[in-house]
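Labels A, B, C, D and E are assigned to the chains in the order they are written; within every chain, residues are numbered from 1.
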Amino acid sequence: MNAMLETRNLSKSFGLKRSTFARAASAVGLAKDNQKKVHAVDNVSLSVKPGEVLGLVGESGCGKSTFGRMVAGILPPTNGSITFEGKNATRASVENHLNVQMVFQNPYASLNPRLRVDQLISEAAQYHGILKPADAPQFVASLLQQVGLDPSYANRYPHQFSGGQRQRIAIARALSLNPKFVVCDEAVSALDVSVQAQILNLFMDLRESKGLTYLFISHNLAVVEYIADRVAIMYLGRIVEITDTKTIFKSANHPYTQALIADAPRLDAKVAEHRPIQGELPSPLNPPAGCPFHPRCQNATSRCKEERPALKEIAPMHFSACHLND
Amino acid sequence: MGLLEVKNLVTEFRTPSGTAKAVDHISFSLGAGKVLGIVGESGSGKSVTAYSLMNLVDPPGHIAGGEVWFKGENLRAASKQRWNELRGDRIAMVFQDPMMSLNPVMKIGDQLSETLLIHHRSKRSSAEKIVENALKRVGIPAPVERMRAYPHELSGGMRQRVAIANAIVNQPDLIIADEPTTALDVTIQAQILYEMRCLTRESGTALIWITHDLSVVKDLADDICVMYAGRIVEQGPVDEIIENPRHPYTRGLIDSLPHAGTRGKRLYSIPGSTPPLLSLPAGCAFSPRCTRATSRCNTVPPVFADDARAHRCFHPIDTL
Amino acid sequence: ADLKIGFKAEVTSADPHVLNGNNRNVWVHVYESLVAQDENLKAKPALATSWRNVDSTTWEFKLRPNVTFHNGATMTAEDVKFSIERAMNLSGPRTFRTYLKAVQSVTVTGPGTVTIKTKGPSPTLPDSLGLIAILPKTIGDKASEEDFATGKTTFGTGPYKFVSWAHGQRVSLAKNSAYWGEKEPWDNVTFQFIPREPARASALLSGSVDLIDAATANVMDSFKSSNKIDVVSTTSYMLNYLQLDRFRDNSPYLKSNEGAPLAKNPFNDIKVRQALMAAVNREGIVNRLMKGDAEAASQFVPAGFFGNDPALKVPAHDLAKAKALLAEAGYPNGFRMTMHCSNDRYLNDAKVCEALGQVFSQIGIKTEVATMPFAVYAGRATAGGASGEPEFSLFMFGIGAVTGDSLEPLLAVAHSHDKAAGLGANNRGRYSSKEVDALVIKASVTMNEKAREDLQKAAAKAVIDDVGIVPLFFLKSTWAYRKGLTVKPRSDGFTLAMGIRESSSAK
Amino acid sequence: MNDTTPRVAIVNDATAIPLPEAPWRRLVRQYLKSRIAAIALLTLALLVVVALAAPVIAPQDPYDLASVSILDAEIPPGIASAGSDTSYLLGTDGAGRDMLSAILYGLRISIGIGVASAIFALLLGTCVGLVAAHFGGKIDAIIMRLVDLQLSLPAILVALVLLAALGQGVDKTLFALVIVQWAYFARNVRGAALVERQKEYVEAAIGQGLPSSRIMFRHILPNCIAPLVVTATLQMGHAITLEATMSFLGIGLPQTKPSLGLLISNGFEYMFSNKYWISMFPGVALVILVISINLIGDHLRTVLNPKLES
Amino acid sequence: MIEMLTKRILQSAAVILLMSLLAFAGINLVGDPIYLLVSPTASQQEIEEAARSLGLHLPAYEQYWRFLVNAFHGDLGKSFVFNQPAVSLIIERIPATLELAFTALFFSVVIGIPLGMIAGLMPKSRIRRAIMGCSIAGVTAPTFWIGLIFILVFSVNLGWFPSGGRGPTTSVLGIDVSFTSWEGLKYLILPALTLSLFKIALVIRLTEAGTREVSMQEYIKFARAKGVHGSRLMLKHIAPNVLIPIVTALGLELGHLIAFSLVTESIFAWPGMGKLIIDSVLHLDRPVVVAYLMITLLIFVFINFVVDVLYLLLDPRLRSTAK
């Protein structure tokens, strides 16, 4: 398989760093060793083909952003490996940063308020020597045009822009390093519907013109359905189902996916009168034993409470992690 | 006459660079047990409308005109004291941001029973029973335990449900919910919508639901008002509006939503962006972004009403 | 009646054998010595009724009979012997050993007689013994600081008994009704420590205290405008003077006008020294700056003290003469100088230096004035040089003739510095004159008072004529008190309840 | 009708976006909106000018001991001196210095010390605070304990030690003040930097492959400026008062080169006499100076807060 | 929590050691204390003898080593000036200092917080301007100045309060306190007020800023939407949220009140630690200075710890992470 990006058993756990003293204290029994870890991402193996858009869907807090950050080289993984175009990219190198860029969820927080647009866009390129300072103004102007902004905005500050415009600046910044792969972490969630449409169009345009590959993180199913070629569903740090978009929306296998799709409000569907899935996303601090979804699953069996289902290929290129398939 | 009648409500903000009419002559009425959806882009004045109905517009804003009749009472003439009686008891509100609307240093239970106790003399223990019931109703598991928790110990979805529980403890006649699910996940959002539906049906509470996403209110609301730049550009029963939008802006909102049918195609997006309230174009505020605009649009379009529907456009889309 | 005294200094120790003037001021109410000092520091009988020289190195003291300590014990010769020996052997930085270094032995030669042998002739021994408190022997050798502070061993024979000492706040005393002498009118006497002058003044003005010590001109106006306050003052033994570097050819703080080192030390030229002497504006400083808190000085001790020479007149302030002298000495354009002073030790010390800087600048010696806290100043002035020698070139110090006798300042300031013999301890300019040394040494062993005084006067004159030091002024001690009291001023600046009485007219 | 849908419209209609304005211009404009703040700024500017021009406009050089005489001491305002017929507009102090000249020269020192020490402390504290926030862990712990240590060391002891080690002088006093103040800045910067470090734009910079030193100084530091400016103006006022207290205790400036603080504490002794001018005039000057600095800082706090900016 | 405290103390032990070294070196740098201790006319010989009796004749590093060894055995040395154990000298003054510091803190809280909240709740009113104006004056005026004015006005002219010193004390739980009687309180009020003036100004400013910030928060509007109003809104909803930054600031200030109120203490002749340290520094009374600095550092550590605990009490959000 000629995957562009591949992750193997990628995991990330967060735990409070403990001081030498605390460790010593627990060693001599003075303090309880009650260190808890959050397994934000747990053994995720995925691959993305060149030119593909992989949608990553899941509830808030299930580890989507963490996964995206690891792929973009912002966060080092605790375990597992990332391969980019056949080369190991587990530890972020400059080359890797140049290849993989990220667009963040919140256009208000992801732009440094003290830098001008031209600085925001050209700084890294200049730093990495891709761009000569003398060429910077043209470079910035052409990027701004690509994302549909007037080049005259180059010397403004982020606060002078609306949310949609800021997200475009963030995209321009990501493009400035000429990446092959872009991680879009909920890049449209904060925007209202008409601006969201503009940005989605922009992503599609760029895909066409530059051949970009996307990891598209969202919890908005309508958006994912619109943009993604394949969709991975994540629950509590694990992938529970992954297949192409059509299959997911037509014949989802995992109960969680089914619930998600049923719950999503949509204009073209008839009035939904079913009772949505109940219960909260369990805390990642103490995930339930067995299948993490079992407390909310209507079809859960006793096996689900004890044994973790593995991700299995249930149809060609359709993977799902559910005991009910056995 | 309905439970709530709003006539020509105007709310202004006095800023150093001029006076902004954030709510500009809006009128609607709402009957008991009914749900009204208010839809519009960011900045179109939805929240200000909600605050105006609660008389919670903070300086530099103020309500500049219009009438609000609630159960036959003119709220515009209500005293401060009367408002303190009404708020939280007869009219309740759920805020946009679940993370910010609960006091971080008070226990959930205290915040909820406070709402009850400041309006009704009752024993703490009986208040706690009521609160517990309210929490149960909004689908919070183990409510007794949760009452001892602080807001930060709950997830966003739970917090928003607590805020909704807070709105229902006094069984108000009207609940105003300002984008209560925008920050939430689909599954949580679905739960909340479901509970709201049950609530209006069971206790006859009227509901105003504010959002920018038409698909969210579609299953919930009876009527919809579409707002743009402080004005209502279209209003009427929900199904009719979604099926036959007359105002180009409503059309644009509907078309902007991605769905299976648009896959692979370009999404429609309304050109331009919301004009700043201080420099609204003369006439129809939407005209600069409108593909159908003509010179006639430079005067304010009147309200065109046919039976239950109304729109403000000289060139309505005629799908029939 | 009660008496409350606002006292500038804080008592730091309750052991009367720890040397500290302010402590002694308080403890003389509780303890007495063989000899007492009157207002002018002349010796008068106290626990000893009389004393005499048996020979030039033997003194005999007759003790007052029937004196009891506050714990009821009767004072005996053994107690005196114990006390003097204790004072001689006490360890620690502040002891009376300097004053007792002449003592060879103390022997009890009768029930009421103590004989003291000295190493050599020691004419000032009675004065020195006036500083040594007599304690009951019963307190033992082991009495600690703590025992004194809590009152466990705080027994004297004085007119007041120790009641309590609250650190940093006050010492309370009560009348000793078994006192051998005249009974005191005050039932309770409190020394309230109030270090800052404005606070002391306002305590008096607000009636919190009856009397304050160390009142200066700064607060006089408010006393004058209040008609409830009276003031009394006297010249004290504290002399402020300038010392000059005389031991280095190249004094570090004297430079040519261009900032280069000078070829030779100008202070070794008597004309330069005389120029300084003439430039000093004593009257100006005393009247304008000290505003009566000082008296111009021409020698080591003020009038009325043993060794004062009335013939030594205060040198006139004469800038023209000073300039001429400088020119004669070969410095028509003067030179550059940094003068050093403390700024927290003596009354107005920094300001006085500034005023001196003014006049020196006016005669052409471009003067920088450097002032610093005494904590820094003392060490540098004494041993701040590269190899432990005094650092400064021209600097100000103060010295007090505690026993009312000019011999002590002469020995400490005017005599050549002699580390081994312990002479010239304060001679930080290292002034040295054979003539002066001879006179001073001779005086220190002359038992005849008249002859000794003449020798001391001659020594003082020699120093002043040679400008070994530049005397500036004697500080005055001033007390302010509510009207209705009478206060006997003392030239040691001590505030004694024994000298304070309710005036008869007020009663 | 979808066919008529225009392509993504480029949003560039000028009305939608506020006109570009350099940030400092906006700052100035926002700042000058408040009349009180403008007056405070004007007052400070005036004081600075007057202080700078002191050698030109002062009637006397108060540092030249030869031109000052004790015989002219404590002359009330406006009365001719004993020797000459010059009159002293604001009177003379206890050493016979012309008060007006002394105040002008004192202003120079006070402003210089306040401003310079705050700036130096700011530079030092900023670097230390950033380093602590950047490296975290042990280095952070060590630096923060040092800050604790510094904060619990009395200024007077530091000043005294420096005085003893280095001698007396404006530069040494300045040094002492910097040593006493840097810890405040370090704490502030560290706190602000730790908050900023969590923000998404920092992740964005990491994602661009920028090294962390550059991120600290180019990206995080500028965002900590607002609280720093406010601390700095407060500290300036504080430094001036601290210098006054140090001089009051005799461990500050040389007696012959008085700052405002020293003038006041010298005059302090005259509180009980009716020579009000000796401490009142410098006191008034100091109060005006410190109040105007504080008002400026106060208002800067408002202006620099993006939340309050609308 | 105990773990937290021990950890802090262990961490601080290193700092305290460093502090002792700094203080030691600092005092040595200032000058040789011996010249301040002996009688002015003492001869060189006597000086040397005295130096030997205090161990000052040894090289500095050896003196420090000796100090460390003794300190390890709990002996921080005897004051050169008072000839008493430095620690007991300091501890003796702690009650007076704490009494003054806490009274000042009390004033700044009961005066500063209400005024600050009032100012913060009426952002445009004249009352706010008046309060904020006064608070600027409070920040500006030097303490020694204020103290004297207070004395002049309240004790000399009006005669309401004594001008200085500490009043009669009674022993409560073995600690001498003066605030139990009116007579004792009278002595306390002026210095405490002087000391608190700057803190009041500080608290007003912090409270005002906090109140403004908090009252703009969504949850306050939400509370108003529930019908909460008036004093309940202020006390139950705004105040607890405003308190958090104030507690931090006051914690730091309390440390300063305890350790460095020297100017006030000397003007009012209040027998506290501040007066002791300034005297000791100026007399180069090294054992006292070193012990003092070590003790104040401990006090700071302790106060910071208490502040952290208060944080947890005030802000439940921090509790979950600290557990």
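One rule holds in what follows: contacts are C-beta pairs under 8 Å (C-beta built on N, C-alpha and C of every residue); 3 or more make two chains touch, one makes a residue touch a chain.
Everything quoted here is computed from the prediction, not taken from an experiment.
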Any chain touching subunit C and subunit E at once appears in the list D
If every chain is reduced to the average of its C-alpha atoms, which one ends up farthest from subunit A?
-> C
Could you please state the distance in Å, as a whole number, between where the Cα atoms of subunit B are centred and where those of subunit E are centred?
-> 53
Could you tell me the distance, in whole angstrom, between the mean C-alpha positions of subunit B and subunit C?
-> 89
Distance from the mean Cα position of subunit C to that of subunit A, given in whole angstrom | 86
Where the centres are mean C-alpha positions, what is the separation of subunit C from subunit D, in Å?
-> 46
Residues of subunit B that touch two or more other chains: which are they?
-> 255, 266, 268-269, 273
Going by residue number, subunit A touches two or more other chains at 162, 164, 198, 201
Residue ranges of subunit D touching at least 2 other chains are 8-9, 11, 16, 160, 163-164, 249, 268, 271
Inside the complex, what are the residues of subunit D that reach subunit A?
-> 8-12, 16-18, 20, 23, 137, 199-201, 203-210, 214, 218-219, 222-223, 225, 306
Residue ranges of subunit A touching subunit D (in the complex, touch as defined) = 17, 69, 72-74, 92, 94, 96-98, 101-102, 104-106, 109-115, 123-124, 127-128, 148-150, 152-153, 155-157, 159-162, 164-165, 170, 173, 177, 198, 201-202, 205
Contacting residues of subunit E [partner subunit D, same complex] = 11-12, 14-15, 18-19, 22-23, 26-27, 29-31, 136-137, 139-145, 148, 152, 252, 255, 259-260, 262-263, 277-278, 281-282, 289, 293, 296-297, 299-301, 304
Subunit E residues touching subunit C in their complex are 30-46, 50-51, 53-54, 80-84, 89, 92-93, 148, 151-152, 155-156, 159, 162-166, 266-269, 271-272, 275-276, 279, 281-284
Of all residues in subunit B, those that touch subunit E in their complex | 54, 56, 58-59, 84-89, 92-93, 95, 97, 100-106, 114-115, 118-119, 150, 152-153, 163, 166
